[in-house]
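So, here come the structures, one by one.
In what comes next, chain A is part of two complexes: it sits with chain B in the first one and with chain C in the second one.
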Partner chain A sequence: MVLMAAVAAVLASCRPRPADVCPVDALPPIFPDYAGVTIPAGIAPLNFGLEGDTAECIDVQLAGTIGGCLHAQGSTHVELDADDWHSLTALNAGGSITVSVCERRGGRWLRYRDFAIHVSPEPLDDYGLVYRRIPPGYEVGGDLGIYQRCLHNFDESPLLTETALPGRCFNCHTANRANPQQFTMQVRGEGGGTLVQTDGCQVWYDTKTPATRAAGSYAYWHPEGRYVAYVAAAVYQSFFVGKGQPIEVYHKFSNIVVLDRQTDTLLADSLLLTDCLEIFPAFSADGRRLFFSTSEPCNVPAEYLKVKCSLCAIGFDAESGRFATHADTLLSGPRDDCSYVMARPSYDGRWLAYVQCSRSNFPIAQPDADIRLMDLATGRLHELPELNSRHTDSYPNWSTNSRWMVFASKRLDGKYTRLFIASVDEHGRATKPFLLPQRNPWKYYNELFDAYNCPDFISAKVSLDVDATRRAVESGRRTPVNLKSIR
Partner chain B sequence: MSDNTISNLAAAAALAAVFVFWFVFHPEYLNYHEQNQLFLLTAEYLAARLAVPGGLADWLSEGVVQFFCVPWIGALLLSAVLVGTGLMCGVRRRVAALVVPALLMVHMGDPNALVSFPVALLMVLAAARALSHASVLADALALLVLYWLAGPVAVAYWLIRCLQRCHSVVWSVGLLAVPMVAALVAHATVLGQYPLRSIVLGINYYRVPMQTPALQVAIPVTAVLVYACPCPAAGLAAWLRTVPGRLTQAGAVLAVACVGVVACFPRELTELLRADMLVRLGRWDVIISRAESYMPHSAFASQCVNLALAQRRQLAERQFEFYQSGSDALIQRCVRDNTTDLPSAEAFYHLGMVNSCLRYYSDIQESILNARKSGRCEKRIAECLIVNGDYRVAQKHLDLLKKSLFYAAWARDAERCIAAGRVDEHPRWGWMRRQRFKENFLYDYVEIDKVLGRLFLNNRQNTMALDYFLAQMLLDGNVQGFAQYLPLAQTYGGHPDMPAGYADAIRCIRAQGRVDSSPYADYARRQMSRSQTERSEK
Partner chain C sequence: MTSRLSSILGHRAWLWACGLWLAACLAFYVGCYQGLFFHQAQEQLFLLTPSYVATYFSAPAWLSCLAGDFLTQFYYYRYAGPLILVAALALVALAARAALSRLGAGRLHALTALIVLAESVLTLHYATRLSSVLSLAGGLALFAAMPWRGRPSLSAAVQMLAIPLCFWLFGFGAMVLAALVLADVLMERRQMTLRLIALALPVACLGMARRCYLMELGPMLAYPGACHLVTSPADALTIEKNFRVAAEYQFGNLNRVVRMVDADAHHTDVQLFYYNLAMARRGQLPEAVMRHMPTFLGTLGRIGPQTPHFVIWGMDELYWALGDMTFCERAAIMSSVFTRSNRNIFKVRRLAEVNLVTGDTLAARKYLRLLGHTHVAGRWADRLLRADSAAMRPYMAKRQWINRIDTLRQTDRAHDILTELLQSNPDNRLALDYLLCTDLMAKDLRQFVADYLRFGADAWRGRQLPELYQQAFCLALSVQKAPPSEWPHYVSDPAIRRRFDAYCRERGHRNFSDTYWYYFDKSKIRK
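What follows is the complex of A and B.
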């Protein structure tokens, strides 16, 4: 009875609609900042709350420019009804939703300026995202895990976590163009290996050979599914003593190899296995080019300031598994005194997203890292000011229809990367990105001590047999690969 | 004196003995457990615990362990849990039941043995006692509930019932199938990430995943035998109830406890844990006085003692009076576990090397193998972030600490200090801000002496940095560097006379080691002999 009475009192306290409202000439201080963002229809409800804890009640009215409306109230935040929200966004695709926020404070209602949430005409039909969550520590990975998250609701489920494989590190879940049936993943530590799963069948490779010196990471699939490009690299971290950027990540060597799954062969082309540091490979949408970054070898960590990556492309013939005889430099890092890394071509072949930062071949640790776009037809570059922030923005990836981009950004506090999604139109203009929605965003993100990295879209839910994965790791049995040197 | 009085006295004596054992002799274990968790008073925290088998026992045990930062309360609660298992086993009937708490105490000599195990056992024994007249169906239900709340120790309940009621094999197997099926269903549905072995043998009884110490199996079996096994001979049973019989049982339990404690609480380990606890509490004089009588030969011990000496401005005088492990005797290279780096992290904190302190404490916390937060680490991490002016991120950590019982007041004070803009005036944080590096460069452990030197040059009032700088050169055998920078100690060290330790080192250097009764010469000889041994082994 007491509980029911308390619940009734709470409900009653927040039920009255705003009356005698006092207008405030400012946008509401909401978290997340959804004012002016562009969303796809059908995205999970954009619940939000007011910053600070002075609000007694929040009243939100949403009205579509094409039609429909939605009302919600809450004490610390508002939770929008999922069905009503989906109907509203579907109805207003190509239009906007006007959001009116009132706050009751000290017994008075305040009404902030309305803001708009734009609903893109471009759909985002993918099931959701796959990403790794890891405490943003230093040398110890801690309780990390790879998770998948539905974009149309708040469901998140673990694919592989530290609980399943204690003491191991795993990373770089990479699907072939968001296809959940084809993905690869790297497990490090005791019994580590490279997993390639296709149609539910796991194959575990040992991609570390005497010539490559390290197992494959930073993977990317050839669109036909026969080849997977990996980086064989030795990654290190050093730590600053000052109060700014805490970490510098660098590689002592880094080369690109391509796994031919048909023949279990690692293709090692001498143009990608040089003394330079080749990193972050990505096949073009038609599979006829491989984009990658490369930097001159430096005496790292002493010369960490000199690491400047160029963005290159090299022709690839999937039939013969051979690369072209020379690589083209698309953007020169040394010339521009910066680093171009993490190339991600859109699946329609139109755009090349990449990350630009002042130095380094590992941009997640660089505060000035920003995402850029290259028009692959014209070579024109787009700086994407709407999308970037003054903190690290990195790890871009494309939705299957190449109209949406997910990326990791430290913009909220400079330390914890969070996932943002933005749309990119046919002119290469990005919209203001929105933070990955959560049921209670402030509570969720404030209590989450993990950072997100390696986000990617998936068209449907991924299925991974955790027991089989564990058995494979514990057994240490690996499919051997033959190294085939080319040229 | 009645029989029951003897039993009650035995139980009370056991409670007192266990309390004294933890509070007086081994408070470092309490400290170790407390600093490897952060119990939160939130519904989400309880829900997260209840999501796995054994979750309630785990939650209750963490609730108990949070009081370990007040050692007398912690020792009392832990004693109550341990002796409670004896009471539930029927100490009034058999004093020998106290063997269960004795074994649990021995088990806890392993610092990774979690308090959730005795709590779970207590829950199961209490349930067996409370439901002693339950029907078979009620037993099945109890087993299911106990499995989820207390974990696989619930099997003890099944064993007790089987022994008490002599069920048929079919009934017995059927009853055991209840928790087994629950484990399989949980594994197939909600606990897919957990190895089946963990679900069957216990997720939260031991800090290291996938490991099950033998005592974790032996103790419940012993408890069941003591609880439910009738005495094989009627004459013996009668004698055991007599005064001599009960005294004999008490003596046997005492013997088991003494032998177990001697075997399972090795002096070196307990001394290291004690040194860590004293470093945490800042009881520098106690560290030095304990090291004067006994000091383990390890880098960890050297770091604790050197930090204490530096805090008391005795490092220059007395460093080589104590065991020095080598170049790592002040600060050590980052090691991936939850303990080894603690003295180094604390040294960074006192030196004002904010980022290194932040880094070490972050990695220490992430190295806790059962993925718990640490109140001690969280507090230091928040402090470093505050000193660096990362208030937004610091607030996140303060918000977490505010949900705990024992760190909340501190977190609120820190919050108020930030809000009032008084960080610069804060006695510790303001000092750290003045000491930290004004220039930025990459920390390199190989050149730790240079890092310490630059730290001192950064602020010449940082006498600890000066002491560490000169001490590191002596540890490295960098006699030229030491001789070159020794004048800094005379100018800035605040020593009225040349410290005895430095004088000894100079004497040793001038005589090229050929001096008698020189602590530094002894150290140098030991290091040379060690490196020769290492070379020959290679």
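What follows is the complex of A and C.
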């Protein structure tokens, strides 16, 4: 009751509209920085507050360039009415929303410069995002979990958390082109295995074989759903001394295998199972090529500076399950003295998003990692300066209509990855990304101790039977896979 | 109401007995168990914010957990923990008596005493949270408050609702409630079938909450931890010693750490770890390292997931003192992850401090803003967020000691870390003492001599070496068959030289058990 009374008092104290405003020739110091971002219509309300959470009162007026307006006030942040917000964004799709922010400080109203939020004509119809949230731990996991989040409101629900499978680590929830009915996931620890779920039916594989030496991770689906490419790798980390980057993550070996779900066979092509380190596979939109990164073997961690990944593509025939006889190098890491990793082709076949960093095949630990775009028709590269930051930007993934990209960035504090969404137009231009909206973003992100990783869009809500998952993990029963060496 | 209360309170004798027991508990907690309270206060990061409070609804027992964790943060203050816990036990006693009296149980006093006694024993385990005690009290109190007698159908309806409600509010308290209801059904014997069904149904339904809470059935029904029993009083007291010495060190009471360890006859590794660290900060590590043998420096093992929890717990203190911010951060993060909720207030504070020292302002502010919402560290964090120069001063001063070599560390051997620290700052006396003592405890005389010549020669130029180092040089020089003219450079105390000659005649004799020579010949290396 006391709390409610206090809230009511604060709200009441905030009601008067700004009068005798004093103009300030600066953009409002809002968190998150939504000034100039491009959003899809129907996204969750872009609530924001003033940095520091110290404002006496904020008054916000939103006016669409096409029509409609919205007014909101708050003591420390503004919460926009979801229905009004959705109507406003829908009405202004292809236009902009002008945001006027006034702040009351010391009894005086200050009015900052207006800024615009652009509403893209391109929709984002996907239900939301799936991602992993993990407390920082370097070599130990903690209470990690895979969550799904609706993009049109603030609903977040856990798919699987450590409390359901104590002591296990799970990662890389990967859906087939955002399809919630087809996904794969890796559980590590006691009773670990590779889960492939299609239409609610779980199949658990043991993808670790003597030849591959490790279970599958960093998965990617063939668009037809028959094949899933995995990486069999041994990942390690070493710590830096000094003030800069905290860790270097490296792989002692890494190869790509493809699971044929129809025959429960692991296809091991000798071109993808070499002494080099092949990593981050991704099938092209038509399923006729497999993009991947590869680097020459070197003595890591001593030679960590030498890990330079090239971006390659190899033909794939889904009918026969065979790869082409040679792989093409799209971008050469050693030649360009950098590393090209995490290829993610857009589902319309037009673009190839990838991450570029000065070295390494694990870009999330590289502060200079940036997302780039390749026009698959012309081979032209786009640097996406609007999208990238001076901190790590990685894990790009596409919406089903290939117009939106979600990625993980450490730009807020240099340590914790947060999710950002940007649009990409038909010319390969990205817009300024916006931070995944939250009801009270300042509080939410400041209190959140977890980092996000492996974000991906999902077209509808994912359903995972946690009991069945637990039973499968505890039983240890796995569908055996046959290793089929090709060539 | 008054009559009900007086019936609960019942006999004065019972009140006296209960009061005496609780007073004894209080005395015991204050006198012998303070470390545990400080440990539990750290095992969380309670934020007084609506969004954090809302997270309590994602697990059963939100009310007892919320109340318990809120109160646990005050365990940080000396004596607050014992008082709060004793108050919670008093609540259990009252609720137990009320519930049992409702039940019409015979031997009311004995049963109540048994419950309080059992719960008191459970609190001796470091994993027993205050919320567990409150959950028990909640389950008992809810039973006492339910309208029952004479109306079995009403009772059936009430218990159908009360058990899920109790689970939601008090977690395993619902199991206590269910047990009491069962007892009541069996004792009353009216409409037994209806009431047993009304009991079985909600209990069975609790299993379905697994989907909601994403928990395993056993841990979920026992949430927030029904029964952590100390299996051996000696183990419990050993753990308490560890908690207490860690607490005193973290409070900066170095003298108390030293006194506590010196006064103890049976030392734990953790005690010796903090003892050595406290003495090293006083510049007396060489004098202290062999005082309580076998000693434990913490520099002969490695940090990793396999490192014992208690060792990791203190590692950030060691590397903080030494000046290695990378390993300090790593150890703080790891011990935070090993904490129950993955959030340890002191380790988060350490993370903020590390980033203040390294100048990573963005990251430091992230942690400081978190800590700003805590009761214990809020004011400290606010001062640093305002960049208060007095508050920042120790971190600015610390900056001069950090490792300035910027490279990928390929091992996590403490020797390499200490060497790097000394390369960056040859004046880092703490690192030098740890380096030389690590060499000596590892019985690596060759490395000791090399390290001394590389880093230590200047530090003691014109001054007498500590006795330990002189003793080590006696061994090293005799092994090397060094000419007599070289000895005085390292062994300047003739008494040590004479004693070494005596030792050589009686090698391994217990008369020399206080010497490095004896350790070198007779003791095992502790890792």
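Operating definition for what follows: the second predicted complex is superposed on the first by the 477 of 487 C-alpha atoms of A that agree within 3 Å, B and C clash if a C-alpha of one lies under 4 Å from a C-alpha of the other, contacts with A are read in each partner's own complex, and residues count from 1 in each chain.
Throughout what follows, contacts are C-beta pairs under 8 Å (C-beta built on N, C-alpha and C of every residue); 3 or more make two chains touch, one makes a residue touch a chain.
Values in this document were obtained by computation on a predicted structure and should not be read as measured data.
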item: Clash or fit, chain B versus chain C on superposed chain A; value: clash
item: Touching partner for A:Leu483 - first (chain B), second (chain C), both, neither; value: neither
item: Touching partner for A:Ser238 - first (chain B), second (chain C), both, neither; value: both
item: Partner chain(s) touched by A:Tyr444 [first = chain B, second = chain C, both, neither]; value: second
item: Which superposed partner A:Ala324 touches (first chain B, second chain C, both, neither); value: neither
item: Contacts of A:Ala90 with chain B and chain C, given as first, second, both or neither; value: neither
item: Which superposed partner A:Thr163 touches (first chain B, second chain C, both, neither); value: both
item: Touching both chain C and chain B, counted on chain A across the two superposed complexes; value: 135, 137-143, 158, 160-161, 163-164, 166, 238-244, 246, 248, 301, 304, 412-416, 446-447, 449, 466-467, 470
item: Chain B contact footprint on chain A (complex, rising order); value: 135, 137-143, 145, 158, 160-164, 166-167, 238-244, 246, 248, 301, 304, 412-416, 446-447, 449, 466-467, 470
item: Interface residues, chain C side, partner chain A - complex; value: 45, 47, 49-52, 59, 210-211, 213-216, 219, 304-305, 324-327, 329-330, 333-334, 336-338, 341-343, 348, 358-360, 362-363, 365-366, 369-370, 373, 402-410, 412, 417, 420
item: Chain A to chain C touching residues, read off their complex; value: 135-143, 158, 160-161, 163-164, 166, 238-244, 246, 248, 301-302, 304, 412-416, 440, 443-444, 446-447, 449, 466-467, 470
item: Chain B - residues contacting chain A, complex; value: 44, 192-196, 209-210, 334, 336, 353-356, 358-359, 362-363, 365-367, 369, 371, 373, 388-390, 392-393, 396, 399-400, 436-444, 451
